[in-house]
Amino acid sequence: MPPARLLTLLPLLLLATGCGSEQSSLHPESPPAHGIATLWWIMLGASTFGLAVIVGILVAAWFRRGSHGRDRPGTLTVIVLGIVTPILVLAALFSYSDIFLIRGTSPPAADAATLKGAVSVHVVGHQFWWEVRYRGNAVTANEIHIPVRTPVVVYVHSDDVIHSFWVPELNRKIDLEPDQVNRVELYADRAGRYRGQCAEFCGLQHAHMGFYVYADPPAVFRRWLARQARPATAAPTALFMSKCSSCHAIRGTAAAAHVGPDLTHVGSRTSLAALTLPNSLVRMEQWLRSPQQVKPGALMPDLNLTTAQVRALARYLESLK
Amino acid sequence: MTIRRLSLLQWIGFLVGGPVWFAEFLAGIGTSQAVCNPASGRWGIPHDAVQIGLMSFAAVCVLVALAASAIVFRETYDVEEQDAPPVGRVHFFAAASIGGNVIFFMIILLTGIATIVDRTCHQA
Amino acid sequence: MTDVAVDPRARERFPLGWWGVAMLVATESALFAMMIGAYFYLRFKNSPWPPAGTPEPKVVVPLVLLGVLILTAWPMWKASHSSSPRRWLLLALLVQSGYFAMEVGDFQDDLHHFTPQQHAYGSLYYTLLGADHGHVALGLLLDVWILWKLLFGMTEYRRRALRGIAFYWYAVIVLTIAVTLTVTSPAFAR
Amino acid sequence: MTTTVADRVERLERQWAERPGVLGWLTTTDHKRVGLLYFWATLVFFGAGGVEALTMRTQLIKPNNSLVGPETFNQLFTVHGMTMIFWFIIPMTTGAFGNYLTPLMVGARDMAFPRMNALSFWIFLASGIFLYIGLFGGFGPDAGWFDYTPLGSRLYDPARNADFYTLSLAFNGMASTLTSANLIVTILKLRAPGMSFNRIPLFCFAMLAASFGLLFALPSLSVDLLFLYLDRNLGFHFFDVAHGGSNFLWQHLFWFFGHPEVYILIVPAFGIATEIIPAFTRRKMLAFPLVAIAELLVVFIGFGVWAHHMFATGLPTTTLVFFAGATSMVVIPSTIQVFAWSMSIFTGTPKFKTPLLFIIGFIVMFVAGGLTGIMFLAIPFDQQMTDTYFVVAHFHYIIFGAAVFPIFGGMYYWFPKVTGKLYFERPGQISFWIIFIGTNLLFFPMHIVGLLGMPRRVYTYPGGLGWTSYNVLESVGGYITGLGILVLFANLVVSYFRGPPSGPDPWHGPTLEWTIPSPPPEYNFATIPTVTSAYANWTDDTPPSLELDVGHKQHVSSLVDGWTAEIADMPHSSPWPILLALALALLFTMLVIDRYMFASIFAVVIALTLLGWHSKEPQEHA
């Protein structure tokens, strides 16, 4: 096993140790995500205090419920606590978050000059999976590899309905619109695997439209990218051509359709059907046997394959590393 | 001051602030959308200049309304909330309008400054 | 029967029916404001506007017709304030129906050149004009109805209805001004 | 001529008597009867929405659950949202509470347009039946209550689901528009003599605010629905990017309605709170003018925040800050009221009866939900948390905590007025505590799963992301809440049959409705009172009042200061409203199965119905 292969296993080892295995906005792993999390903790503190004040007033009212004393004055309290204080607090919050913090979370300017040399990824949303395209001709699905500690601009766009691209531990979410191409910056402090998921309701299988972002050491990333750019290692079987090629592409062969995910290196991926199943020979067979049972409403139809066909196809696809 | 004049001032204080804010609000959004959309972007509308104009005009109007309601409030300071109209009603609207105009002024200020300071048409 | 003196300090004396029409007018104005907003929002995104292959909107005829419609505000006002409203109402009705006939003719003529199914421009153009013509048609029906009622003499109820209908027509005129200026705007600013 | 009180009342009884039996209910125009019809109908829809909610909670109780498939689940959460907003809260607050109480509080004998009032109820009922026929026919709306295009367009929603969405909402919108127009004119023009603007009860200010909100927000939704209907069924291109349309257009138009809508949902609740608090603390509301303006401002500024639902769509910052700024300041009217309420309780002499308990629960829930709402003015935080369960938690704290708690409190508070019976206090307090604990257990963990990254509107979720235990808690909380609501209604039902008589004024309430017998007679007020305060029942002076005892007379006041402007004749019960609603229902049915020929026929039928409606003039009724 070449060392490169070992290095690609690094993320999985990290996964084993538990970090980066979640989708939590409270485990920020990038400057923008840190900024947002910090803001959250500040706002939580202030809110707790505010709630405590109100509850305090009400509890006090309960304790002094016996004492009579109609129409005691209180208007001044209403004006000070109800108008002056909140105006000051809210103006401060607005200025901090929407004038300063937002500069870190919004993407770099669109003009190419600022992007010269920067790594960029194009993500196209489909019901219910993610198409991932790199410069050159590397195309994959449902997993994005980025070099660690390097700003990466992700261009997102939708081919069908509105989706939303969201990796909480790395940055805020951004919608995939049919109307326009949006941008978001990905930056990972630490190498590892980060889970993302579609956040805008997009139809029957909105629940199973996840993806992984792998932050690899730059060298590993470059090797991965180079291998993904290569054409397929094995020519498609006749079975594949008859059953699958009307929707799926295998680069370097006659199968060139782009309805479903590009399968050129499907064997090298860690999940099937946008994180519905982990990728393995058994799972691949299960998926091919009855996609509509595994992921009801997915656009991949049941192909009614015989057990032999399933086994053959699965073995072929898994061989595409 | 005569009750007639007080009443007039009170209506100015009550009716000017809101519509002016909302007009400025829609005009501001319209401007930024016109500047940032592909077709209308070519019309060459100067974003920040327009926004500054809108903000300052609206701010002045709301301050006038605020002053009007403040004056009426002071003139009718000893009137009770539930007193008979017209003076009771005048006092009521004046007190209410002060609160409203302060809020409108703050919105105009915050949004105006932010939209001018931000990088024009930069995707959020 | 207890007769109640109307309080002299009550300066505002619009009947309830008038207020009902006012509510209708308010909500309908919001409706048209939204459509006009949608028109300019899509215009911001599309150029050329109207799209290539779609003829420029007519200008002269609609504006002249608009002027005619505005003039009908006068007979409507007279009808709602005179003791013998029928003559004025009939005059207004004739002019308004003329306007309506011309506009409908125009509408169908446009449909020969481009359809709402070709481009969002067409969708908006026809929806805006259709909605406006619909309101004119409703006004005509109201005219006919009150005219028919008035054949059986004048009552307090009918006098109020007349005021309401007149008010509705003023609103329709204002909405028509807004709509006409919107759909003819491409001719003024490209 | 002089008449004794006795035979004047006797004459009023005769003149205002409704038809007996079912026919009386079908043709009624009495605002109290219409209000009760609204009340019962909305409760049915509340039950339906609740069942949908509990089904979803049961599906989500464990990872990869398969109780219901995605198809059902999507219809469930869509119809749950539509039902609770359009067929429960809006009709319950404006339709039931507004209809029943507003005329009583301003000293009127009916709504300004009684027949229109009945019409709005029958339209509302028909639209609800229409929606649920769709759901049970397997065509329930399934693209979320804001039905984003292109997911809702013909290409991605080829069946009739989205058509049931557009048509049922447009149909329902008519009812809300009619009710709000009616409420506005009633409050502006039908006030008792002497009730100048500074003497209008705060509940009516809230109704005024909600009604104006509906009047100007609903058209935006109607336009949106019209556009979508034309796109889907006649091949128009409003939302078709390929032909110059835009999906942002749908979102802008929807949220221009959708956000004011949220404030429209809670403002009537504010109004209920401002009635219950004085009654149970024996003190007038603090800062009366500020609270009144705050109720109006919440809705007005609410028209300037709509795109804070679109912060993650990639619009330019220079546009978004306008909405963020308005979102920050729309909080102020709410903080004013929160402190006015709590300080009024603090500085008064509170009696912690069930209605006040619900109001206190409401204040706590509203502050909690409001504080998480404030967080969304921070655009980056919004972009992180929008479309997650954090948002679900936020708006359920607002909609259940802030809008529904006062509705429950109001049910207890006005129960004696409507039925003439007292409810049982102890079970009432128990029902409050069960519901309060249940809702917090149901909604609080949603904040946490949201922060842990769980998106909303997923029909299932994988284990191992730390979401499972919280979802279990939420489901349990859901069942507890359901139980509490059952206790509440059981209490009210038993009280209705077994409760001790309440007399006209058990709480010594502040407003006019407590000056008349319970339940109120058809004509509400034997003599029209002259008011000198917003707390008319607390002012012991007995000013001269107005005797209108011949025909259906109604005092009409001048707009601002409430002087007598005229005495109007009110129409009596009429069969036309229900017939017109029926014709409309048939029209919409034809539209949903696109039979345009029949649709136009029913349009003619509607015109004829309207002719019949106006064939008789009010004077002739008397």
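Order of writing sets the chain letters: A, B, C and D. Residues in each chain are counted from 1.
As a convention for this text, a contact is a pair of C-beta atoms (placed from the backbone, for glycine too) under 8 Å apart; a residue touches a chain by one contact, two chains touch by 3 or more.
Keep in mind the model is a prediction, meaning the values are calculated, not measured.
What is the chain whose Cα centroid lies farthest from the Cα centroid of chain A?
Result for max centroid distance from chain A is chain C.
Consider the two chain pairs C-D and A-B; indicate the one with the greater count of contacting C-beta pairs.
Between A-B and C-D, the larger count of C-beta pairs in contact belongs to C-D.
In angstrom, rounded to a whole number, how far apart do the mean CA points of chain A and chain B lie?
42
Can you work out the whole-Å distance between the CA centroids of chain C and chain D?
So the centre of chain C lies 32 Å away from the centre of chain D.
Compute the distance, rounded to whole Å, between the mean C-alpha positions of chain A and chain C.
52
Between chain B and chain D, what's the gap in Å when you average each chain's C-alpha atoms?
From the centre of chain B to the centre of chain D is 30 Å.
On chain A, where are the residues touching two or more other chains?
83, 87, 91, 94, 98-99, 102, 106, 182-183
Would you give the residues of chain D that are in contact with at least 2 other chains, written as numbers and ranges?
246, 248, 290, 314, 317, 320-321, 324-325, 328-329, 332, 336, 379, 383, 560-561
Could you tell me which residues belong to chain B and also touch two or more other chains?
33, 99, 103, 106, 110, 114, 118-119, 122-124
If you go through all the chains, which pairs of them touch?
A-B, A-D, B-C, B-D, C-D
Would you pull the chain D residues touching chain C in the complex into a rising list?
These residues of chain D touch chain C: 1, 112-113, 116, 177, 180-181, 184-185, 188-189, 193, 215-216, 218-220, 222-223, 226-227, 230-231, 234-238, 240, 243-246, 248-249, 252-253, 256, 546-550, 555-561, 563-568, 607, 611, 614, 617-619.
What residues on chain C touch chain D, complex-wise?
1-2, 4-7, 9-13, 15-16, 19-20, 23-24, 26-28, 30-31, 33-35, 38, 41-42, 45-46, 51, 116-124, 127, 141, 145, 155-158
Considering the complex alone, what residue numbers of chain B touch chain C?
It comes out as residues 30, 33-34, 37-40, 42.
Name, in rising order, each residue of chain C that touches chain B in their complex.
40-41, 43-47, 49
List the residues on chain A that touch chain D in their complex, please.
So the residues of chain A in touch with chain D come to 21-26, 32-33, 35-36, 39-40, 43, 47, 50-51, 54-55, 57-58, 60-62, 64-65, 67-75, 77-79, 81-83, 86-87, 90-91, 93-94, 97-99, 101-102, 104-106, 127, 160-162, 164, 166, 168, 172-175, 177-180, 182-183, 195, 197-207, 275, 296-297.
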